[in-house]
Amino acid sequence: MTGMLPLSEAPYAAGRTSDFSETYRRAYRWMLLARVAEEKIASLYRGGKITGGVFVGRGQEAISVATGIALRDGDIFAPLIRDQAGRLAFGESLLDFTLTYLGARSGPMRGRDGNVHRGRPKEGLLPMISHLGAMGSVVNGMLLAHRFQGKKHTVGAVSLGDGATSTGAFHEFINQAAVEKLPLVLVITNNQFAYSTPTNRQFVCADLVDKAIGYGVTGHSVDGTDLAACLQTIGGAVQTARDGGGPQFVVATSLRLAGHGEHDDSHYIPPQLKETHLGRDCLSVAEEHILSQKWADATTVEAWHRDSHTQVEEAVAHSLREAAPDPAREDWCALSSRHLQEGPELHPPLKY
Amino acid sequence: MITYLEAIREAQSEALEKDPRVYIYGQDIGNFGGAFKATKNLAQRFPGRVLDSPISEDAMMGSAIGAAMQGMRPIVEMQFADFSTVGFNQIVNQAATLFWRSGVSCPITVRLPSGGTPGSGPFHSQSLEAIYAHYPGLIILTPATVEDAYSMLLEAVAIEDPVIFCEHKYLYYHLKAPSLPKEALPVGKARIARAGRDATVVTYSAMVHEALAAADELATEGWEIEVIDLRSIKPLDTDTVLASVARTGRILAVGEAWPWGGVTAEVLARVATEGFNLLDAPPMRLNSKDTPVPFHPNLWGTHRPTARTISLALRELLRA
Amino acid sequence: MTGMLPLSEAPYAAGRTSDFSETYRRAYRWMLLARVAEEKIASLYRGGKITGGVFVGRGQEAISVATGIALRDGDIFAPLIRDQAGRLAFGESLLDFTLTYLGARSGPMRGRDGNVHRGRPKEGLLPMISHLGAMGSVVNGMLLAHRFQGKKHTVGAVSLGDGATSTGAFHEFINQAAVEKLPLVLVITNNQFAYSTPTNRQFVCADLVDKAIGYGVTGHSVDGTDLAACLQTIGGAVQTARDGGGPQFVVATSLRLAGHGEHDDSHYIPPQLKETHLGRDCLSVAEEHILSQKWADATTVEAWHRDSHTQVEEAVAHSLREAAPDPAREDWCALSSRHLQEGPELHPPLKY
Amino acid sequence: MITYLEAIREAQSEALEKDPRVYIYGQDIGNFGGAFKATKNLAQRFPGRVLDSPISEDAMMGSAIGAAMQGMRPIVEMQFADFSTVGFNQIVNQAATLFWRSGVSCPITVRLPSGGTPGSGPFHSQSLEAIYAHYPGLIILTPATVEDAYSMLLEAVAIEDPVIFCEHKYLYYHLKAPSLPKEALPVGKARIARAGRDATVVTYSAMVHEALAAADELATEGWEIEVIDLRSIKPLDTDTVLASVARTGRILAVGEAWPWGGVTAEVLARVATEGFNLLDAPPMRLNSKDTPVPFHPNLWGTHRPTARTISLALRELLRA
C-alpha cells in the first residue's frame, strides 16, 4: 500500500488519452484528493497532533497536478512543499503522505525526516532538502545519467517558487540544463509571496518569464488558476522536452491561498489581492468547469468528494495505528558502507 | 519575565536605537518581524533600517560585508543556521579574511538560529559553531542564557570583527529571566554556571541547561558537579576550564553538535595538552550521534545529549 | 608613492573634460602603461622572479580602462584579474602593482596576499577574493552604505568575465542590485574563454546581454576592441547609474590575447579566431586611431611608450629593493580585536 | 618513476576503463586536461565521459549527486579545494544526508586539490578536511603517498558513499614512487610510516613527509620516532593510534590545517578519552597558525608546520 503506485494502475492515471475531458477529470480528482488530504493534516495540526510544520498547496493545485500528470514511469519529479497534487498524480501514495506527517516508522522517511521532506528516489520522486533551488541540479544529474545509460525520452520536472528564483542554485541549475540541453521542465509557481515577502523584494523584471531568454531556453507563461491552461501549457512543455526540445521554463501565476505554513495567518496578504483573478481558487474553478462542460454531473462530483474524504480518513486512521520510530531500533548509521561509520567510540561507553 | 528571544529582540532594538550605523537584513524580518519574531516591530520603529532580503544568502552576506567596510554595522539574520551553508563562502572567505588581508575590519554580526527542537528535522536543527570556529578571522558566540543572549548580542555588534552569533531555537521561548542585565562578562570569558568540586562539565548553549539538570540529579546522590558555560567557543576560555579541572580533576565535555572536530574535541585537546597533570581520570566527551538530526521527537531525543545521558556519563566519570 | 593617487592628481586623469580626444588619449596612456607593466611582470615570471601566478589583461585593456576612467573619488571599483588598465585609471599606483607581484612587505597586502589580489578598500578599490562572482554583492553593500550615509551620486563598478556569469553569486548580486535599485555598473568582458573553456560550455543564450531583461536592468553591448565605443558605452552606463538609472549591465566582447595565466600557452584558442575582428588588439587599434585622427603625432606616441617603460622600470627597480616580509615581524593575528585572537596556546610553547 | 599526480590520473583512467558508470566532471578537465593536468588525455581516450562544467560548483555537485542516484559513479574535480565552499551546500546537505534520509546511497567522489604551496595565497591553499569531517555521512580521504593517491582514489570510486578526496598539491610533482601498488590497506586503516618507540607523531597528507624528515633528524640524536599516516581522517583509525601510543607513551598530532577543531583536536580528544592511561607525558599538537594561508613563501613557511618545527616540538615532548 505504501510507496509508489505504478502510474498505469494509479486510480486516476492520465494515461495518454486523447480525450482531454478525461485528463481534466483525473487531474481534478488528484487536486481534490490533495486538498482534502492537506485540510485533514492542517486540522490535525490545529489539534496539536502533528510535530513540525504543515505546508499546503491551496490555490496552486492546478499547476502542481498538471506537472505530475504529464510525467510517466521513468521520469523524474522534484516537488516542493506545495506539490501534494503533483505528487499524487505522479504516483505517490496517500499513505506516504500521512505516514510521514504522522511520524510513523513505516513511512518512507522512517521518522528520520518529516512532513514535506519525503520521496522515493528509486521511483523518480525526489525527497527535497530544505535549501531552495538545490533540487534542480540533482534532477539535471539524473537526466545526465539517463543520457549516459541510453535511456531516451525521459523528462525531469522541477518545481520552484517565485522566491526561490533569487537563489544562486536556481541560476546554476537552469543554466547547466541549458548548456547540457537536458529534458528539464522547470515549473515556477509565482504565488506572489515567499513566506511574507512579496515578489517586488525578490525581483524587478517585468515578467519572470523574461529570464528564459537569458538562459537560452524556451519560456512559457500560464494562468495557474486555470486547470485547462495548466494541463495544456505544462503538458506541452513536458512533451517538448521529451521530444528533444531542451529545457522548458514555465511560469505559472497564482496566489497562495494559505499561510506560508499552518502556523502563519498570512495577515500580510492584502485582501484586495484575493479578490482579483489571481485569487481564484483553482479547485472551485475546475469543478465549475467540469459541471458547466457537463464532463460530470453534480452527483458524480459529490461522490468524488466523498471518495476523497474516505481515502484520506482511511490513510490517516491507518497511519495513526502505525508505530512511532524506536530509537533503540535505529542503527544511527549515516553511511551505506556500515563498516566505515564512526560514532559510538566518541561517546562514553554508556551502560544503559 | 523576559524570554531568550525577547532578549535578542531587545538587544537589536537597543543597537538600532543607539547606533545609527546598525541595520538588520534578512528574509521576512521587516513588517513580518521574522520567522521567529526576533525583529517584531523593529521595522515599524526604525523605518528603512530593517530590510527584507531576497532569498539570496550569498548576496545577503556579501552586501553586509561591503556595508561594514563602509562604516555600517549590519546584523544579518539567517532564517535558520542551516541555510548559512549557501552564504558560507562570503562568511569564511570574504568576511573572515578581510582584516588580515587588507587591514580593514569587518564588523558584521550574523545571527544563526541554531540547534535542534522536536520535529525540525535535518535542515532546521543544525549546530554549525564548530564549522565556523575552524576558520581564522571569526568570533563565535553561543549564548546559553537570556542575559547572555542580550548582552553578547550587543557586544557582537560593537566588536570590530565578524561575529557568528549562534542563538539556540530551543531556548527562544522556554528560557526566561526576570530582567535584562546591566553588566556582563566580556566576550571570551566563560562562566561557572554552577560550582562543584567532584567533576567539571564544560558545555555551551542549550546543553548548559541539560548539564545543570544532570548536576541537580547528581546532587541528590551527594555529588557536586561544576558546570562551565563557555559562552563563546572562539575564543575559548581555556583558563577558566583548566582552573576548574584543577579543582575537580575530572572533565566531561558536552556538545549538541556532531562529534568529529566539534567543541568537545577542541576542549579536550586543550585540556589534555595544557592540563594533563590536573586530570585524575580520563576525560570524557558526549555529543550528538554522528547522523543528520532526526525529525521525529523519539529519535531526536536520543540523537542529542540530554540530562539523562549526561548524568550517566558523569556517574561513569566519577567512578573512574 | 604607494597607495592611491587622488584622481585629480593622477597624471592622465580623465577629469570630466568635454574634449573626447583628451579622454581618449588619457585612456590610451593608461592602457599602454598597463600593457607595458604586465609585459614586464610576465618577463620576470619567465625569468623565475615571480612567486605565484601572473595574469594579464592583454586584449581587453580598452574595456577595463573605460571602466576605471569613468569612476571618481568616492566611487567603488571591484576589478578582477585582467583589470590593470582600469586599476591605474581608477588611481592605483604602479607601485602597488609591482610591490605586490614582487612580494614586498611594503606592498598593500604586505605579502599576505599576492599578484592580482590587492586593493585599498578604504579608497574604494576592492581586493578581490578568488571565488568568482563574490565581489559583486560586496559592492552592493558599499553602495547601500552610501545610501544610508546620504552619500549621493556615487557608483560601484564590478568587473566580471564570461565564465563568472555561471556562478550563483553573479545571479544573486545582480538581482540584489536590481531589487535595491543600486547604482551598480556590471561590466562583463566576454573574452570568449574562461581558462580553457569556450563560452558554449558556460551559456547558450544568443547574447549575454539578453540576461539583463531577466533582472529588470538596462543592458548595453559594446565592441571591446574599440576604445571609443568602450568609453562611450561604459562611460554612459556609469553616468546613467550615477544619475539614478539603477543597475547597468554592460557586455563587452573581445578575445583574450594571452594565456589564462602566464603558465598557459592557450593552444586551445583557435588561430582563426585571432584573425577575426574580436582578435584585434585594442591597444594597437587605439594607437592607430590616435594617429589617424591626428590626436597625437608619432613622436609623441613614441614618447608615451618611452615614458611607460621608464615608469615601469622605476617601479620594478624600487620594488626589487624592498624587503620581503619577515615572519618574525608578522603578528599572525586575523582579528582586528587583537585580544580575542586565538592561536599560540594551541601550539606547543616552542622555545626558538 | 610515477608522481603523485600521475597516480591520480592513472587511477581515474583505470576507473573509466573498468567501470562504465564512471565519468568525470569539472572545470577545464576535458581537452585541456585540468588546471593541474590530472585528467590529461582522458577526454581524448574516453570520449563523452570527461566533461567540462560551467563555473557552477553548486550545480556541479548537485548533478553528480543526481547521477549517482541513477547508478553512475561521478568523480567531480574542484579546481581548488577552496572553491568547494560554493558547492558546500550540495555536499554537506544533499550528498551527506541522502542515504540516511532515503536509503539510497550516493557514490560520488569529490577531488579537492588541497593544501599549501608557496605563492598560492589564502584562496588556493586551504585544507578543508576537518570541515567536511564534521558532517555525518561523508568519508574523508587524505592520501600522503603516491601509492595511496592511486589505490585510495580507486577505492573512493568503489565506495557506496560520498567521498571527499583531499589530494595535496604540494605532493603533485614532488612525490615519486617506482611503481603503482597491486594491493593496499583498506580505507579506514592507518599506516605506520615509520616505526619507533620513543614517541608517536600522528599526521596525514603532506605533513607525513615533514614528520618523517623530523624523525630522520631526531634519529641522528638517537631517538626513534614512530610516524603514523592516518590515510583517512574520517573514519579515523583510533585503534592504530592507541596501539602506537601504548608502545611509545608520547604523542604529537600534526596537521597543516587551522587549529580549532582540526584533525589534531580530534586525534588528541580520542587519545585522551580512550588512551589516557597509555600516556607518559601530556600529548602535544602542532597546526598551522590561526590566520588565512599567506601568499609569500617566507610567511607561508612559518604558517604551516615543517620538519623543523615538528622536531622542536618532539624534543620538547621527549623531555616532558
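We just call them A, B, C and D in the order they show up, numbering each chain from 1.
As a convention for this text, a residue touches a chain if its C-beta (ideal position, glycine included) is under 8 Å from a C-beta of that chain, and two chains touch if they have at least 3 such contacts.
Quick caveat: nothing in here was measured; it's all calculated off a predicted structure.
Averaging Cα atoms per chain gives one point for each, and the point farthest from that of chain D is the centre of A.
Centres computed as Cα averages put chain A at a distance of 40 Å from chain D.
Chain C and chain D have centres, each the mean of its CA atoms, that are 35 Å apart. Shared interface positions of chain A, i.e. residues touching 2 or more other chains, are given as 109, 112-113, 117, 129-131, 166-169, 172, 175, 179, 201-203, 333-334, 341-342, 346, 348. Among the residues of chain B, those in touch with two or more other chains are 53-54, 56, 58, 82, 85-86, 89, 93, 96-97, 100-101, 122-123, 136-137, 234, 236, 260, 273-274, 284-285, 289-292. Taken as a graph of touching chains, this assembly is fully connected, with contact between every pair of chains.
Chain contact summary for the complex, chain B toward chain A: residues 27-28, 31-32, 35, 52-58, 80, 82-83, 85-86, 118-124, 252, 259-260, 284-287, 289-292, 294-299, 301-303, 309, 312-313, 316-317.
Residues 108-109, 112-113, 117, 119-122, 127, 129-131, 134-146, 148-149, 168-169, 172-173, 175-176, 179, 333-337, 339-342, 345-346, 348 of chain C are the ones that touch chain B when the two sit in their complex. The part of chain B that touches chain C in the complex is made up of residues 23, 53-54, 56, 58-72, 74, 89-90, 93-94, 96-102, 104-106, 136-137, 139, 159-161, 187-188, 234-236, 238, 270, 273-274.
The touching residues of chain D, when paired with chain B in their complex, are 58, 82, 85-86, 88-89, 92-93, 96-97, 100-101, 122-123, 130-131, 133-137, 234, 236, 257-258, 260-266, 268-269, 271-274, 276-277, 279, 281-285, 289-292.
Here chain A touches chain C in the complex through residues 166-172, 175, 178-179, 181, 200-206, 210-216, going by the rule given at the top.
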